[in-house]
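Input: structures, listed below.
Two complexes come next, and they have one chain in common, chain A, joined by chain B in the first and chain C in the second.
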Partner chain A sequence: MSKKLKQIAIYGKGGIGKSTTTSNISAALSKMGYKVMQFGCDPKSDSTNTLRGGEYIPTVLDTLREKGSVKANDVIFEGFNGIYCVEAGGPAPGVGCAGRGIITAVQLFRQQKVFEDLDLDFIIYDVLGDVVCGGFAMPIREGIAEHVFTVSSADFMSVYAANNLFKGIQKYSNTGGALLGGIIANSINQEYSKNIIDDFAEKTKTQVVEYVPRSVTVTQCELQGKTTIEGAPDSEQAKIYTHLAEKIAAHEISHTPSPLDTTELREWASGWSKQILEVESRKVSAGA
Partner chain B sequence: MVINLGTPVVESREQRLGTVIAWDGSASRLVKESCYSENGTACCGCRLCERENRGPFTQGASCSEMMVECQAGHVRDAVLIQHSPIGCGASQVTYNSKFRNALKMRGLPVKNMRVVSTNLDENDMVFGGIDKLENTIVETWERYQPKAIFIGTSCSTGIIGDDVDSVSEEYSQKLGIPVIPLHCEGFKSKHWSTGFDATQHGILRQIVRHGHEKQEDLVNVINLWGSDVFRPMLAELGLRVNYVVDLATVSDLAQMSEAAATVGFCNTLSSYLATALEQEFGVPQVKAPQPYGFAGTDAWLRELGRVTHRETKVETYIEKEHRRVKPLVEELRARLSGVKGYVATGSAYSHGLIAVLRELGIRVDGSLVFHHDPVYDSGDPKQDSLAYLVENYGDVAHFSVSNRQQYQFYGLLKRVNPDFILIRHNGLAPLAARMGIPAAPLGDEHLAVGYQGMVNLGESIRDILAHKKFHRDLAEHVTLPYKKSWLESDPYSLSIQTSAAGEA
Partner chain C sequence: MERTVTTQAAVKKSSSIAQVRYVCAMGASHTVSAIPGAIPIVHCGPGCADKQFINVAFYNGFQGGGYGGGAVVPSTNFSEKEVVFGGAERLHELIESSLKILNADLFVVLTGCIPDIVGDNVPAVVGEFQKQGIPIVAAETGGFHGNNFIGHETVMQAIIDQYVGDYSDPKEQGTVNVFSLIPYQNTFWRGDLAELKRILKGIGLKVNILFGSGCAGVREWKEIPKAQFNLVASPWLGISTAKYLEEKYNQPFLHLPTIPIGAKETSAFLRRVGDFAGLKKNRVEKFIQDEEDAYYRYLEDFSDFYAEYWWGLPATFATVGDSAYNLALSRFLVNQLGLIPAKQIITDNPPEQYREFIRNEYRHLATDVSAKAEFEEDGYVINEKLRHTDFGHKPPIIFGTTWERDLAKELKGSVIEVGFPASYEVVLNRSYIGYRGALSLLEKIFTTVVSSSA
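Up next is the complex of A and B:
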């Protein structure tokens, strides 16, 4: 095997469109001719649904629980255009330890040398949330993913989650951990949304890789159990995802971000909220 | 099967080898169900490992971390850090006594083992224990200046996801010595023998050196703390012994890659290290029956002779030893013939001990092993020690797998009513004693190895049989802590595997 495997982790707050974005990136990369595996690291286990016609696949951890041991090939399922789909799985809400679940599932795959054997070009880890504990940091540690992208809207809670992720990346950066490729700005339809994300990227010394607008096409395709790339290949939205995938494929060098500390983040958010308020009030008075 | 040294975490035994910890039936059936020779690869998905998908009822058990303590903690010029709450250090007492005894037995300066705990508390569980680990590494370095630092993880650090690997890497560079993470969280494997593999995995990744010249007369002997029986034996063949992992120095461990061969006294202990040394460093593993009884020792020596090109010396030695030992064994046979023995030890070790008992004319109708590996890492049928036992020394009617469970032991012994038991893990011996059965605690696990081993073991058994009257008296005056209904039950009736195990 001579080609270099590119390992990418995509993080973001729950519900922000992380799995949608990830699946569309996987689908676009695969249509570009790359061999791709998407590894869902979310106990909800629905990362790869739109690559599999809306169906859930047996997870690594459920299989481990049932059988006591797992052969990696038993939990890899082929999806759209030959994409390898894996779901780590995890406990039901409110019980157990989802972070440990990610550690267990990722270690199991690494031990069995699956990535090498499948001769992959890309592995994309789709990871839930705010890096709340050591387990969720697993994919950004040494030797696993090399590049991290975060999906964020201009919503402050989503930006907070991204900032937390940057703290995690910064922590592991001097011990060989993954570095930050940039922000994938999602649901960007207002001008000020773009400005917020741009400003956050600048303050934290990173870049915005792509602006993805909110689109009803995405929802329509998802309702059919498909990615936009599969369900509406000629749409504007599909072009944006393809463009994003091309940038990710070409992306070589990531950097250590400079996360804001708690006070800075609060002040930054407060400054923006005042501006938004002014914009909105102007709209209201203009409309009256 | 291929061992993967590319990741810091060892693959568990059940994942690699399909290890089971509850099974009941004859040895010949276990051989059949293990499908060793048919598959030749580990964890074959055979009936055996598929069936035992949940652990049986367990009163208490050992932990992988303890095996790290008694291996990494016994490297003479290294220090083991237990990255754990202090409770994980409870077994330091036991392993320190074993370490001191072993040093004495080998004629080395007696000293305490060096183990340091990070003593994690509630705050560390919430905020992460990495800072404490770093402080401990620095303190350990300043205090002891060891040649290597091992870091044993624990359940708690595994759950919170402390990044021990990155810290180890950082301090390996800062201190210029190997700082080696050993992932031995107790919850990760149903059997503690994964802890052997975790230690060996770390040593293979970070201590064993690459690219040095071979030492054609050096043999790695994978051992624990037993008396020095291998050095004189191998000296007769013109070979030097490199005892690993226990009681070795870091430099002994580093030179493992230069040896002409690797041998062990028990496949359970040596499977991972010996196989990986062959795979990664080209050091041949002696794939032969274990060195017990005439047949096993002959075959083991011949394979060692073949691998190290000492065939003639081996034949001379075999002939000499047969001549010397056969009359002694004959004499012991005359005295021990018809006596009934029972073996309760680690898995592959029991295969060897039963062979020795049968060489001595002792009847063995039952044995308890603490786990069973359907295959070993090499996947080579020549190492199928259970099949070798059955083929060469006959079947064992009641060959039970149970992870040292007290509650089952009474019923197991009652099935065969032995005159004595052989045991290495003393937790079960008092129960046997209270049933009137004397136990030979094999504190020296090399006692039964090789030709002289048959004589040694025979004499030990004669000694313990002399205690029979004492044990009978004891049995008459003690009561067991179990209800009559339980004592009359099948010992596997609480095990989920009972129905399957009962199949023909």
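Up next is the complex of A and C:
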């Protein structure tokens, strides 16, 4: 019996730790024995760097530009533990249409039936999280990813981006698009950070899959061009990533989120900022 | 009194349009090819420009591509590669190649939808060539900006802004720039603009007609700022450009919504232009007199037929077409032929701000005749409206397009193709306006009517 390919999209605001988290999930899944492909959908094309010793790989779109056509196998590169790495790539900043680029790259792979041939267990799309146009929503359209996870810190801007993503998911949910698996809470070190994310998850009717603390181990490994799973396999942080990967592997049912509307989101954020201010000012007065 | 119809067609407004009656803004590539010596360069997907040409210049009087239109037009043929990475380089390359193999006094780069959406910096690409002194301008004409009427004004203003340039020297009294019919979209523009130039010249003006064989090419465009005034002869098209010129060159403009057809309208038109320009009255009147003498001699001969032929000349008419011809014909048919307006449908989608003005023109077609102007672009709805119009006992005559042919048959009436698409007309220099054009129009109308029983 052929196994069921699980396609997952991970979104998050730029700079929030989305590629780091994705690469560690890929690495952990791979160590668990699964065949994994990581598909970077960000014009910066650095999603898979830590799976390949810090190296950039030729992207689908660069190859398309140079050769006029692309054989999928020419743009798949093996990384850590045999993980297949692909970067969609995109135009130079300020020109062309990056969104269309993602559509082109993903379609090209689907047409060539690469996923079936490689006998994969997981494809993880790592997508720029500000879903600014239709192209960036490509991975959550019908027939591509089934589950979406969003990486978010407790930072309001990051939560806003997650909320926008939820709006996109909600929209596509009527037409067979991917549903939301949950939030991967990143850089959670303060107690109130956890509370903020928990509250947001509750308000939007979703769940927090894992709390990932900020850790210097991650930075050290990345500087060596490695994931934490590869560079510090016995660290606490690696255990957290492994745990997260196990949950994702076991995850079966996703749901349509209930994003907040603009006013609700603003009021929600302003309520929390008052609470944080109180906490911080108590700290200051206690320290004085 | 406004005519009432027996059955008011309750047709629901549709979101789609059957039977195309104009093309997209990039169809203004024809505005460029209508200037002798100018060549458009299109930055768009494959097929865009060809479709425009086949529509507007082929199955519309079979006008042809001329020196710089039709199959000559260079296109970047935007592909997926240009969408993703931007098409600026490809455009640069195309302009360079075009300069090598095409001889033109002016190139105009027109953008289609894709580069406008993707955000190609076309002015920057074109700007590099402008800096080298190459006569080239860029116009943003992606289809979502509007139809080819809107594109027509965009292109004219782009040429004035980027090619004609600044001017502050004194004006030449007695020189006029004419903004009237839209080239190619209006099937008879070549003959009509020639007639317009002839009559304006006749009263003593120096005329920059700007398009067609009567235009001296781009050097005439360079003369635009020197003119004493601008004449907008159309219900709305050209007003935006005239206002632009008013601001840019401090040039006044005269707006006469009715393109004149027949002696009565044409003489009145010339007197108003003459007054505005401050021309010598006797010169204007002398020309009018000579023209009317000739015109009415022909009409006198025609009157025997008109009075005696009682086997089915139409009494009522409908007009379906662009506002310029629609209004001009309605006024001519009412005031000079005595026909009764039954249905007036305007199809060029005029901007909202001009619509009330246009409606008002129809309310006062004559001192005792009022008509209702309806704005509609969908062929199905237009057909339904005509089908339910009360044309009285006699077969009606419809001034429309090829699209109205089947319905005219159904109503046992006649159709005169006066606008896009006119696919059963071969047009070279025929004109339907002014003194001479009106005679051709009369010939066309009554030849059609009397031959319908042949």
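One rule holds for everything that comes next: the second predicted complex is superposed on the first by the 287 of 288 C-alpha atoms of A that agree within 3 Å, B and C clash if a C-alpha of one lies under 4 Å from a C-alpha of the other, contacts with A are read in each partner's own complex, and residues count from 1 in each chain.
Operating definition for what follows: a residue touches a chain if its C-beta (ideal position, glycine included) is under 8 Å from a C-beta of that chain, and two chains touch if they have at least 3 such contacts.
From a predicted model like this one, the values you see are computed outputs, not experimental measurements.
Q: Counting only touches as set out at the top, which of chain B and chain C does A:67 meet: first, second, both, neither?
A: Only chain B; A:67 stays clear of chain C.
Q: Regarding the shared-chain residue A:274, is it in contact with chain B (first), chain C (second), both, or neither?
A: It touches nothing on chain B or chain C.
Q: Which holds for A:282: it touches chain B only (first), chain C only (second), both, or neither?
A: neither
Q: Going by the contact rule set out at the top, does A:138 touch chain B (first), chain C (second), both, or neither?
A: The answer is first: A:138 touches chain B but not chain C.
Q: Which partner chains sit in contact with A:113 here, chain B, chain C, both or neither? Use first/second/both/neither.
A: A:113 contacts chain B only, not chain C.
Q: After the superposition on A, what does A:176 contact: first (chain B), second (chain C), both or neither?
A: The first partner, chain B, only.
Q: Give one of first, second, both or neither to describe whether A:100 is in contact with chain B, with chain C, with both, or with none.
A: both
Q: Would you sort A:91 into first (chain B), second (chain C), both or neither based on which partner it touches?
A: second
Q: Quick check on the output: what are the common chain A residues between the chain B footprint and the chain C footprint?
A: Touching chain B in the first complex and chain C in the second, residues 68, 97, 100 of chain A appear in both lists.
Q: Which chain A residues qualify as touching chain B in the complex?
A: For this pair, the touching residues of chain A are 66-71, 97, 99-100, 103, 107-108, 110-113, 133-138, 141-143, 172, 174-177.
Q: Can you list the chain A residues touching chain C in their complex?
A: My answer: residues 61, 64-65, 68, 90-92, 95-98, 100-101, 104.
Q: What does chain C use to touch chain A in their complex?
A: Per the stated touch rule, the residues are 80-86, 88, 117-121.
Q: Could you list, by residue number, the parts of chain B that touch chain A in their complex?
A: Counting only chain B, the residues touching chain A are 2, 4, 6-7, 9-12, 14-15, 18, 43, 45, 49-50, 52-54, 128, 158-163, 165-167, 169-170, 190.
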